[in-house]
Amino acid sequence: MTKYDARNPAFREYTQHKIDCNKFIEWLEFNITTIEPGYVEGELKFKEMHQQQNGWLHGGITSAILDTVEGYAAYTLVNDGQQVFTAEARASYYNPGIADTFYARGWVDKAGKAFHFCEGELYYLKEGEKVIVAKGSTVMAIK
Amino acid sequence: MTKYDARNPAFREYTQHKIDCNKFIEWLEFNITTIEPGYVEGELKFKEMHQQQNGWLHGGITSAILDTVEGYAAYTLVNDGQQVFTAEARASYYNPGIADTFYARGWVDKAGKAFHFCEGELYYLKEGEKVIVAKGSTVMAIK
Amino acid sequence: MTKYDARNPAFREYTQHKIDCNKFIEWLEFNITTIEPGYVEGELKFKEMHQQQNGWLHGGITSAILDTVEGYAAYTLVNDGQQVFTAEARASYYNPGIADTFYARGWVDKAGKAFHFCEGELYYLKEGEKVIVAKGSTVMAIK
Amino acid sequence: MTKYDARNPAFREYTQHKIDCNKFIEWLEFNITTIEPGYVEGELKFKEMHQQQNGWLHGGITSAILDTVEGYAAYTLVNDGQQVFTAEARASYYNPGIADTFYARGWVDKAGKAFHFCEGELYYLKEGEKVIVAKGSTVMAIK
């Protein structure tokens, strides 16, 4: 998951700063737990406000979280001062999201100058096994 | 926008009921204003909790709203008792989201038995002109 | 379809030259008929070599043609000497492709410096009405 | 790659029959070399007719081959008599395709009743290392 080297020696602080400025993540109560070069992980405690009409995790939250971990994974692999913007995002929904805690991880799958291709997945654990709720992929523009 | 007829005479009540059960939309304060066969519209008053790190509308909220209007557009074109689930969702981000109010609309572009192809857009108005923040498309599975 | 102005006064010759260098299009016998700023059209006479297992137009040809018209639409809106590469491509298949002649058109939906968002559709005519076989969208990188 | 069991004991013959009926694959000279439950592999000898304007593998061929291996991977996991149709296909282009031989593999990543989610990749070998030209993912409808 760390095949790329960070371009910014302070990549961790830089990415953390971007996370700290993000009101939506705070509001969502999504908690980023790991920041490595090209890789970010986090978790979400499932609450009522995250539910769609069947009481499952709302697909929109799933895609928002995938976008988030993929975007911050991209931030770990840019120069100081560069910004990352989602150009294109996609999510495939494999299983209903029903769990106390959801985990998400995003990574840069192919790094470039003008954009990074990122991937991610959101899952929960069932008897120690990963159940994938959704997989994501994005084109992250670098400016 | 209404090239398809509703399959359920009570499509409006059925869709509205699904919306009322949805905790996430309520929490997001996204307000659905129009429900027609194959077509749904809504609006969002921009608040601090919706911001990403630059103070713009968070891409995750954009994709969540696109998923929402596309999903409820699909709900207007199913039989009573049938459910709609996002199988695949995509969003393309055209312009930064900076406005007091954002509008979103979703429609069924191609209806089927097992799934509907839906499209949507999120935009704001600038001197009366539509500025597209993002366009979406989804495969909505019907069960 | 022509909301953007060409950046290269010789955009038509430049795009045509790129088409002429393309062995695959020639081999496919896809014929580009219109080149306008941000917009390209073409047609394909359906032959046995284009068939998948049911005798319908192969989805791979559909996506190849969508990529082609979207890519050349992008070429009409770059500077002289710049190249266009598909970064991300998507196609949604609406109807089986059964016809003597298929038409395809691609356009730049949102132009940028580092990439263009393009869209396209492949269709045939049935009693004068357009039947959409597939819709496409791409992120076209500019270098 | 074979986490799913075949539903049709004659999955290999069934899939091979579908391949044999496919005029486009034959014409493209793409050769399928492996058929396992939920998994298909093949190769393409690079020829002039496969080139785009820079002499590289045409993106349209790449997406056509990805669609092909993903579609036949899906065919290995359906019942006798069922058909597979691409509903939605996506390809991300990571590296230019310049090689004597390209390899492609597709697999069912998540199997379902109404559709399979498939993934694939097209690559070449450079000093024994895999260089990914493109990654694909599809929603394959089952009828």
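Letters A, B, C and D name the chains as they come in the text, with residue numbers starting at 1 for each one.
The criterion applied here is as follows: a residue touches a chain if its C-beta (ideal position, glycine included) is under 8 Å from a C-beta of that chain, and two chains touch if they have at least 3 such contacts.
Everything numeric here is computed off the predicted structure, so don't read it as measured data.
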Contact counts by the stated rule: is the higher one at B-D or A-D?
A-D
Chain whose Cα centroid lies at the greatest distance from that of chain A:
C
Where the centres are mean C-alpha positions, what is the separation of chain A from chain D, in Å?
28
Inter-chain centre distance, chain A versus chain B - centres from mean C-alpha coordinates, in Å:
22
Between chain B and chain D, what is the separation of their C-alpha centroids in Å?
33
Within chain B, the set of residues that touch 2 or more other chains is 87-88, 90, 92, 117, 139
As the complex stands, chain D meets chain A at residues 90, 92, 94-95, 109-110, 117, 132, 135, 137, 139
Hey, which residues of chain C end up touching chain D in the complex?
18-19, 21-24, 27-28, 48-54, 58-61, 63-65, 67-68, 71, 83, 85-93, 96
What residues on chain B touch chain D, complex-wise?
87-88, 90, 114-115, 117, 139, 141
